[in-house]
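Here come two complexes built around chain A, the first alongside chain B, the second alongside chain C.
After this line comes the complex of A and B, so read on.
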């Protein structure tokens, strides 16, 4: 290969990256941040931006599971309920013999992963549509939550949980560090393993994937299991940040996780997308929310602004192909 | 000449009923289940067969039936809406703020209908013409519509003229009568060119488009009708409670999907019938009533509801595979 060819190749690769949707979403975030910090005093302060990313970490982690499910051709409407189950259920697993607080966390993660696996079982083996399966699961968990919490808030006296929610090693909130680790693992699994390749194949064409030897049932279960695990992790971080868990604490994360996935350019129809887009998608969502709070409008106008902005951003990243 | 035309109408009539009977096949099992629940409910609640008992029961079913139809129309065209609940709320607050004002009942009802049609049509245009996925557009739309409902009425309030509440939600089965009219109108709509295109547009949009079916128009019309049904349900809910509440419709989004799916409407478009969706909504409504009468705690209700929905959807799948 001549030097000119190599230069051409690298230039076309650069062009592909610059015009890709994840990059575009990152560019929008950067633009919004720059404009907002000129317009609004204090928006561009390091502390404020760090706070935004810390809030985005929770959405981003839930969106990681959602991205897996959506790329595989499904959707998980039970994430909010699972986040709440994790946040409210954690104190139940508290064991006095374990001063580090690691045991309850592991128990909660195992539980939420199991919930996700049951979702996958229903979708893969009972052939229930993902929307119905996860919706029914959310209804079921809602009942379970009333038994567990009985309407009152629970307080976590777990040192590890409060560390994850409040500590700042090297000046960076622990939640963000967790998100960074999750992001790296997710991106590697998604784009550099056979499992990831099967995921995209399944989302693009389930029948073709099945005929090519993709184990549909186990892959589907794994995908929903991952989503359950991520929602559980997010629930633990939310509990640490809030200090208290209550029924409804996870509610904002259902719509946020789907919006982050779609804003990041992942097709809601499956088979196309990347978690690299959901990351800036989550940050963008939090940024929009923060900006709307700055505007100081009534709740009605805030809701209208939020919906309109998401709709406008969708035009940039969410369009389907034309019918011919 | 007259003889030939009579025999051809007769043959056409028998063909019509044969096709209608064929369309019952998928939902026959559901009808049996609904009937069983109806009998159980009749045993638990003896008043069901009196005039006012029947009126009360149909009133508790009516809004769910309307939103199930609203969701089913969209699912038949391959769409879906997550803004159903927000639209119901908007219809309720609009009715509660305008009907006692200068617009009066007729003006308020007209406004509620126009807003429903308009928002539905705009949603349809965004989904169809801008080619955005319906689930995400209606998700974003639900924020906008819910915000608008909050602007109209920031906190529960407003009023509905008492005579209207008595008429719609009193001791007369007026709600059932309205539902019958709505179903007849739906039958009529299916006979129009747009209605005929509905199934084709959902089942095989590309093939339908290439055969000259107005796919885009059929889908946009479906969104508009769906919006109208939702705000209509909102008006009824406002009449039931006598006032407006900007978040009263929230539970209808999920229940509308559950009812439509229980009724055998497929997510991919073109599969299912409106009678199925109505039976699905009736089953859901009966289920809630029966569990209430059996003294189920809310917890057990949630758990049972979740299990029944999964079972109702999964069992036909198993039977299909066994065949």
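After this line comes the complex of A and C, so read on.
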């Protein structure tokens, strides 16, 4: 290969990266931040940005599970309910014998993973449509939460949970560190393992995937299990950041997780996409929310503005080319 | 026989789909008081001709004439007004509506702008009596058996008091009694001066019922003559006789003694109690008319649909695979007919398509090596002469190259049994030639190949043996020495029954 060929290759690769959806979403985030920092006092400060990314970490972790599900051709509408289950359920697992607080966390993660596996069971084996299955699961969990927790908030006296919510090793919030680790693992699993390749195949054509030998049932269950695990992890971080868990604490994360996935360029029809897009997608969502708060509108208008902005962003960048 | 002016006629009509000629200058005229048979193999152009006559399609050239006058803008409503009724092979009934509602659909009698149910019932009843339908008229069609639904379909056509009746394989789902009623009815309608076009694969019926025959082969008309003096064997010859040329490789049998697949009393989907044995090194063809259960045979063996068998041995292990991954690990591979939906992921790069069966078999969380994948894919592309940038989406490939990808992707698994479902459907001649050579090469390398094909010459020129399927059973197993298109078509249509009876 001559030097010119190499230069050409690296230039075309650079072009491919620059025009890719994840990069474009990152560019939009950067643009919004730069503009906002000039317009709004205090917006561009390091502390503020750090706070925004910390908030984005929770959405990003929920969106990690959602990205898996959506790429495999499904959707998980129970993520919000599972976040709440984790946040409200954790104090119930408190064991005095374990001063580190690790046992309740592991128990909660096991529980939310199991909830996800049940979703997967319904979708894969009972052939319930993912929307129906996960929506029914969400409704079921909400009912259960009301019975168990009632209307009152629960406080977590768990040292590890408080650490995740409040500690700043090396000046970086622990939640963000968790998100970085999650992101690396997710990206590797998605793009560098046969498991990841199977997900894309299932999402692009379930019948062709089945006839190519992809184990559909177990892969589907794994995907929803991962989504349950991620939502549980997010619930623990939210609990740590808030100090208190209450019914409804997870509600904002349903639309946010789906919006982050779609803003990041993942096809809602499945089979195409990457978590590398959901990451800036999550940050973009939090940034928009922060901007709206700064505008000082009433809660009703804030909601309307938020919805409109998401739609506008999707129209700008997220429309999919018609398939086939 | 006194020849009268045709009611409906096509004069030199041609039709092509995507540049593929399906009909080439075909003429047919339907005269009153005559039952006209239309014969031809799968894909000979029969359905296209019917669609032209009924106005569902417009001819590229040639004219459609009604009562001797050319109609410029033939359309389904126009055809209905002219008294042309078509009984389609795919049932066009609405399951949730009643018999009477289905029969009258689109032509309900009105009173004050509302449906006149009394008149509808009376007229539907008259039509039902003609075809011997005695079920209550309010019965939802979904509750009827397939044969009874076919009768409703015919009653629906009669309700419109047609002058031309076109029946596309009306007896394929009828019982013997129903067939008798229909035969008597058609004789009666003929006496009333209705022109009837009768499409059937059952030659004995055609011989008994029809007076005139048109035979289509590869889109051209090979016979248009009175049926008098023609034998069933003569008809078969007219339908299939063609020169295969050097499309097929020359080969010597490489059949071995080792049994690759052996099933006894195998049932799956439409297939009932079938015995089949496939040896390593041979190509076994599966033939027959479309939709007799051949596909279920392959899918059942592959573990993709539920199947059972009294005895089953696949590659020296007993039992049928219960799912696809299991089938793959036991050395089976399946190439589907519908490559766009079942064979490939068109939106994904060619490389990932080629690697998918390997991904499905690898440990789930083993790290992938992109360089190795690329190397494997390049090797496959070279071996199968797949043209195109491997990083591009598979939809950029031509149909023939897509088919080669669908076949090539199994090679890294080195399957010992290949189940192929119509691998040359919609593939250009050059790729066909390449695929044929590959199939014989697979057999020569000791693999067992099961070739399901709707293309009869393929079966004749490539297979060591051909199993002909009819009504979910293997009705005939022809050895290479006995293979001819005539023999396969005759077995597929049950023409040999007469011979046995005689």
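Observations
What we mean here is this: the second predicted complex is superposed on the first by the 321 of 324 C-alpha atoms of A that agree within 3 Å, B and C clash if a C-alpha of one lies under 4 Å from a C-alpha of the other, contacts with A are read in each partner's own complex, and residues count from 1 in each chain.
Methods note: a residue touches a chain if its C-beta (ideal position, glycine included) is under 8 Å from a C-beta of that chain, and two chains touch if they have at least 3 such contacts.
Since we're looking at a predicted model, the values are computed, not measured.
Partners chain B and chain C, brought together by superposition on chain A, clash.
When both complexes are overlaid on chain A, the residue A:255 reaches chain B alone and has no touch with chain C.
Contacts of A:192 after superposition on the shared chain: chain C is touched, whereas chain B is not.
Once the two complexes are overlaid on the shared chain, A:314 sits against chain B while remaining clear of chain C. Using the contact criterion defined above for the overlaid structures, shared-chain residue A:136 touches chain B, although it does not reach chain C. With both structures placed on the common chain, the touch criterion links A:41 to neither chain B nor chain C. Once chain A of one complex is fitted onto chain A of the other, the partner contacts of A:210 are limited to chain C, with no touch recorded for chain B.
Counting the residues of chain A that each partner touches, chain B and chain C differ, and the larger count belongs to B. Clashing C-alpha atoms between chain C and chain B turn up only in stretch 91-99, chosen from 37-45, 91-99 or 235-243, once the structures are aligned on chain A. In the three-chain superposition model, chain A touches both chain B and chain C at residues 323-324.
For chain A in complex with chain B, the residues that touch the partner chain are 75, 122, 126-129, 131-133, 135-137, 139-140, 142-144, 146-147, 255, 258-259, 262, 267-269, 298-308, 310-311, 314-315, 318-324. Contact residues of chain A toward chain C in the complex are 188-189, 192-195, 197-198, 200-201, 204-205, 207-215, 222, 271-272, 323-324. The touching residues of chain B, counted against chain A in their complex, run 126, 130-133, 135-137, 139-151, 154, 205-206, 209, 215, 254, 257-258, 261, 267, 298-303, 305-307, 309-310, 313-314, 317-318, 321. The residues of chain C lying in touch with chain A in their complex are 302, 304, 323-325, 327-328, 334, 336, 340-348, 352, 355-368, 395, 409.
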